[in-house]
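Shared between the two complexes below is subunit A, which pairs with subunit B and subunit C, respectively.
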Partner chain A sequence: MTALTPGFADPVLDAQAAFRAVLEAMSRPGRVQRAGAGLAPPAPLMPAAAAVLLALADSGTPLVHDGGEDADAWLRFHAGAPVSPTLAEAAFVLATGAPPALSALGTGTEEEPERGATLVVQVASLAEGDGWRLIGPGIEREHRLAVEGLPPGFVQAWTANRALFPRGVDVVLCAGEHLAALPRGITIAEG
Partner chain B sequence: MTDMTPDPIAERRRWMAVLARAEADEIAALLAALPPLPPHERLRAPETGLVMVRGRAGGDGGAFNLGEMTVTRCAVRIGGVVGHAYVAGRDKRQAELAAALDAALQDPARRAALMDGVIAPLDARQQAARDAEARRAAATKVEFLAMQTTR
Partner chain C sequence: MNAPLEGYNFAYLDEATKRMLRRTILKAVAIPGHQIPFGAREMPLPYGWGTGGIQVTAAILGPADTLKVIDQGADDTTNAISIRRFFTRVAGVATTERTAEATIIQTRHRIPEAPLRENQVLVYQVPQPEPLSKLEPRRAETKRLHALADYGLMHVRLYEDIARLGHIAKAYDYPVMVGGRYLMSPSPIPAFDNPKMHRMAALQLFGAGREKRIYAIPPYTDVRSLDFEDHPFRPIRAPQDCALCGSRESYLDEVITDDRGGRLFVCSDTDYCGERVAARGAAAC
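Now for the complex of A and B:
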């Protein structure tokens, strides 16, 4: 186990900047934002994914991740989020490798759809202008987003997730210092 | 300082308590006489917040929220060792000094010198202040004749 590294240099302003990046990404699905510049989380965490969790996760949001011991120590020290006993109860799920099935995550209830989980997935790359066609709230006609590193079958799983609306899982895709979001109301059409 | 204390957690708790009660200037003055501490990296810069103090105020009943108190906390790293400090009040310098000392004290090579040079004198001063306060209070103690005779 390696030693802990610092979190945000300025906890207040940096967390606000990361929050703003997630807000922009959620309101303009498919548009790539930057977050976590200057952050040095332990491997395999990427700066953007680490910034999202530092800004959003806290003692009230159970977390599940597959980042290993160093990432666990770092997230527990800086975010203070408890480890969720089960995947279904987690408010945030971080996947550094293959993401869990969307259907295994908490989707909230009809009365409280906001309890649906947020899945943070680290992917190889994100690029605008090519790939998926995204349609939905926050998009005038369509946004295009090319994502490398998601398992095959993600779009089918997403279609099933979309059908649950207003329940469902929100996804934040992170690649290095870039992130894009897929809120649950978005429809994805391939290529 | 004896190294016979069997429990490292109890010993760490003791030096953290002594540092939490000391003034930043006191700690710095004692540190100045020793070889300088190695540089530390801030994991959590000193920050001030409120913690709820819970306790039982009467002789019975459960704990309840007594009130909030101002606490400054800091975490630093020296090499691979992490030092923590939670101190009452808003003195960020004290919190950082206490955290750096906590990290340095966990290193067996530095512990003896720091214990003798910083913790022991601070502890003695705090003990003396407590004793003086206790003596002042004891001087005002009222002996009730009736209570003494019936006992």
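Now for the complex of A and C:
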């Protein structure tokens, strides 16, 4: 157990900036935003993923993560989110390693699809202009997003998640200080 | 930037409330047109004055933003001035009356005439978020109708207008389908403004304070006004030119000028009208 590193230097304005980055990412899926500059969360947490959770998670949002002891202590202290008893009940799921199956997460109900979980996944890299072809709300024609570090089969799992719409899981992909989002209504075509 | 009022958090709301609002807004963006309940707070102005819109604005606003507030298109009405002054005092943000300079535009019942851009957010004040409320008062039932995407009630309502009056007699709050899935109230904007929502480059957020609902339309999302093949949707506009700037495209307000039947028609969007008048003045010099 190492000494706790600080959270947001300015809890109010840094949280606002991180939220706006996520809002922009959700509104324009596939566009890469910056968040978490200056944050030094314990490994394996990356700045962008840490900023997303500090900005959005709190005592009202059960969290599941695979970040280990140091990350757990850091998230408990700075965000205060309770540990979810099961994956399906978590409002936020953070995957620093291989993400859990999308079908194992809460997807909401037909009447309350907003209860679907938000999955924050750390990946090796994110880049615009290449890779996946994304279409759907928020995208004028087509956005391209290249993601390194997702397990094989993610796109198939996403297609199944997309088919649940309006139910489903929303994903925030984080790499270092960069993030991009995949809201549930987005269709991914490979290559 | 002005110094914000002491003793208040940035943008008035406490951080826990902002997080709750922000989570709701993100889910609303992920499910276009779906109303999401949220814990609306009591605000220092009464319901009906834009408490929902103010809470949404407070949740997204940052020090780098420039805020514009309009009420029925006008920047200089009591409601617009009060809300602009509120955010100047509690957040110290810059405000503007120019549509092109704003990054966040909070609106009551109009969409600006100038097309909005990608770096802008339009926040609507919504009195009644449920488009089916006058047809089905039970909230539990309308939730089920939305879950089933069963909007026959609204089609019958519009059909009855055609059968009785020969046309759909809804001039404002004209229901739309968002992303082909959810029936949505566009708030009481004139039906004239409905086509502007379709594939708008800016993000559109809707806040209803008394009814405690938030919903959203992401950029470039299909928004279709409900209609019938043989009775297509037609935006209505007074068949006059603006008395000040001469516009034939903008939405007009009718202004009574005396007690002998005198009246004139002027643009409802004061910024649009003012800029056109200024441009004409500059051209004449």
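Going forward, the second predicted complex is superposed on the first by the 191 of 191 C-alpha atoms of A that agree within 3 Å, B and C clash if a C-alpha of one lies under 4 Å from a C-alpha of the other, contacts with A are read in each partner's own complex, and residues count from 1 in each chain.
Throughout what follows, a contact is a pair of C-beta atoms (placed from the backbone, for glycine too) under 8 Å apart; a residue touches a chain by one contact, two chains touch by 3 or more.
Quick caveat: nothing in here was measured; it's all calculated off a predicted structure.
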> Which partner reaches more residues of subunit A, subunit B or subunit C?
Replying inline: C
>> Just to be sure I read the superposition right, which of the two partners does A:77 touch: subunit B = first, subunit C = second, or both, or neither?
In response: first
> Can A:4 be said to touch subunit B (first), subunit C (second), both, or neither?
Replying inline: first
>> Is A:68 touching anything from subunit B or subunit C once the two structures are fitted on A? First, second, both or neither.
In response: neither
>> Applying the document's definition of touch, where does A:100 land relative to subunit B and subunit C: first, second, both, or neither?
In response: neither
> Touching A:15, do we find subunit B (first), subunit C (second), both, or neither?
Replying inline: second
> Of the residues on subunit A, which ones does subunit B touch that subunit C also touches?
Replying inline: 11
>> Touching residues of subunit A toward subunit C in the complex: what are they?
In response: 11-13, 15-17, 19-20, 22-23, 26-28, 55-58, 60-61, 91, 109-114, 116, 118, 137-140, 165-166, 170, 183-185
> Hey, which residues of subunit C end up touching subunit A in the complex?
Replying inline: 9-10, 15-16, 18-20, 22-32, 34, 36, 59-63, 118, 143-144, 146-148, 179, 181-182, 199, 201, 203, 218-221
>> List the residues on subunit A that touch subunit B in their complex, please.
In response: 2-7, 11, 77-78
> How about subunit B: which of its residues touch subunit A in the complex?
Replying inline: 41-45, 47, 75, 77, 79-82
